[in-house]
């Protein structure tokens, strides 16, 4: 573990833990200046942790050298103010271990990874996979359940088995499987809450908090972080109607992701976030990682109109 | 290109091009001695090329260092007798380029890769992906279509567009989409045959040869290579009944992959091949890459019985 | 419309609207006596409506004659105490119209159906399908979104288009797509709430009520109806913690569906409900429709143990 | 069985057995006159049997009354010249039996159906389903494997079990799973050929005949039947190159199905066939069943151009 003072590292991550977008220069290089500004924006808004190198961070498109660059900047810009978990997205156990070790050397507090990619494995093999990775790194390991990208689902039973054995410290659930998530919440509670359970679904944070989620990883917080902090605060004090009202306001912002047409899933989601972040002045360029195609002007205009209608654009300079 | 003398490098690969299995030591290390023996076995049987580091070669489970080790041994054992194509299986363009360059430095003659993994891309983005990789390596690039692992299908239109522009030199089709494959064969012929089209389906080589495939990448050739050479020879001289008879014999050997029960897709397929290769004396150990689970004794016995019934086991030592 | 007094028939269905199971005799015939008792059990517990001939009611397994039998018994046993919506599950528009007319003749208050089955249709064709059915029946039409059975998803845009044009009066959402459901809730609210939106996910009713669902169709209410009524009442008075506590108790009951092993999806879900209903004395037999396989004794024992642990079994007769 | 003289009814169906399209009047009613002409066209071209009410026949869109109408016209127009198999496409066993009995009363020689639709069944349940249907009708039963519509696959083991027990007399395979089909061919041969195996893939008939298919159900034969008869004849005399040449010519005709854009799967396939049939004068109208959307003029023009280029349009009347 990274600190002898930390008695419950698995509990470091709770509340609002945004997946940090990766700002890029027009030539595709990392825009470290914008990235530092983004980290300050998020922490300034009160978020409780950072998720570096997740899907919203376009991590799969970067080399490990670039990933290390990105992690270093996030770590230095954060300066210990909040804990950082980093995604180690690679094909299989041995390759994930290589990437994980490079990332943990930058000073991140935890690593998160998925079931193997490309290969065809059984639950027993996936369990062995997580055990081997956890045994090979010196920070807590999280499991990331995102079937739309991994094409297999981590069952509640598999995750709970890893949890009670201390293999994983938390789960980021982007499965969209409510039944499974709630079973996991209940089983986790019954087992003494060995792991933290964060939802990746930013449009139902109020509902998932009611259900018992320990936090959320909202991509949209890159665009409007303060709302998620207010939302989470409302849930912690049991003001569910206030939480819902804030969520519904955020969901009107989330409509930006439905404005692009004819583009890929990655271009649509990250592209809308980056266009909005640029319009709000949080980053300098909306460039996405190669080969993701850019939004057209119509989509960008619509996104700006949504932001304007919700009073989220900066005042024009006189 | 690697040689100024090679006028048609894209046409090097035709006929029987087995995906070379990767023999492992009991501790999981590469069994170079068995690998050299396997290469000699395949070339001695008359195969026309080798496909290193494909799915049958368990490539996704290895680090790039291990992949380089494997490629080096295959290159040195081959000693120029047949051309070698190597799989560069990674998430996205930039990462595939890194892996490809390490592999081409070992002396392989071509590289093959898939559409991006994990990410959510459009056909236009996938096209740009292949163009960038081809532009960044100095050997011919092949496209590998294997939706069961990549979870997206390379359409005949996308592949033909890359072919006529000279971006790809060939396609390994493991899609199981006959309609698409035959459309691609017809379009390729109409365009002057810019690319080689190899099928990955080892149980219908006779039929795919009739349809116009330029060759086959048969995993089962690791177990019984001579049969595939005889089969392909029959198709080239138009003796379709002989080809069918040989295919049907090989398909009785292929029944080995249906003997394991309760295991993953990777354990079942590669595990049956390796068990049979060991039984035939081609490799020393049936170990599979971590975390793939081993076959049980019942499955191994059934596999040996199938081999025995087809007279494919070596005579017992007196 | 069936009644000149009903001014807002589309709004009849709200709150707890259980999908009524179909009790069967050991020979597979309809057990009308148990069905009447079940209707009385549900209405006695305070449910707000009944969903006849849904998936929990095994409707797909019955002939139209049997469906009419079942609907008649539910209508007569209900005796107007609550409104009834009936599932007309058939392949395509013309066939659904035939089934719908037979069902509406029994006196049900509304009909619910899905996108076409077996055929391969576009959103425009699916829209025309719902319009034709609505135009051909004289009760309100509901749309049923259940991709796990229909294998296509009704998008929020498609449903909202039908809603604002008055084609459908409500949606039963069993899609598991939270993002889509919440977008539909928001768009429905913005459009003046033209349709009722019921969730089919019985384990997250508290959360979906917070999100804005108008009601729930809980299969588990066949086993424990009073809990769902208490849960819904808590949501209507804004007591979200009480709602959550009740939901969590119900979810412990729901664990019965995870007890059978090795059976089909239909055998597992409906089988667990029927085994529990029989154990509680609500119906006489746990028989399922042909060819659904019965639970084994181990599964039935486990289900009874769960019920006993939650004090849901009747006292043994002295 | 329908005739005491028929000793091998299961072997009646072999060679070219086209799925008969269902010509419609502009108002959507059955165009019996065109249907009679189509039957004469097909039989005149030498086909060996007829498949009434299959997917190409748009059967799922028709009521049972309409299906009976269609079957009657096909039976009477055929006048015993070739055997007729009819599709009974319905949700589940009991409903399929009802439909099957109405169809067999029209005089068709066999019935074909799928695994249950909409429901979630296990292989054991699907086996029981076919057994119950076979036991309830007095003509041979065929199994239809079409996962793109049924969303479950009939395994070779399941089908062979039904075959050796005499439950089914044949299989129409539209699965696109070559490995499974070839395993089924081999197992069927080893078991004494209890069933006929027809492929539904009209673009690889040459290859599937080489593999051992007993016949083909080519939708494209509605447009160009003589070619399929020539193709099949070539395969029966072992002239595989002639078979391939004819197949390749037919595949150029098949390009008509790739001309429509933006339409559903059903509109595209059946729509292209009907547009071509009308252009060739085989039927009077290209109307498709509700709610399938019509082709636009551009697609129809392209289809006519393809037919013209292959000399398949009638001479213009002077």
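By letter and in written order, the chains are A, B, C and D; residue numbering begins at 1 in each of them.
The working rule: a residue touches a chain if its C-beta (ideal position, glycine included) is under 8 Å from a C-beta of that chain, and two chains touch if they have at least 3 such contacts.
All values reported here derive from a predicted model rather than from experimental measurement.
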item: Count of contact steps on the shortest path from chain B to chain C; value: 2
item: Interchain centroid distance [CA atoms averaged], chain A/chain B, Å; value: 37
item: Distance from chain D to chain A - Cα centre to Cα centre, in angstrom; value: 50
item: Contacts with 2+ other chains: residues of chain D; value: none
item: Chain-chain contacts as defined at top; value: A-B, A-C, B-D, C-D
item: Chain A partner contacts - residues on chain B that touch it in the complex; value: 60-64, 66, 89-95, 98, 116-122, 124-126, 128-129, 132, 148-151, 263-267, 289-293
item: Contact footprint of chain C on chain A as seen in their complex; value: 176-179, 182-183, 186, 201, 203-204, 206-208, 210-211, 238, 240-241, 244, 248, 251-252
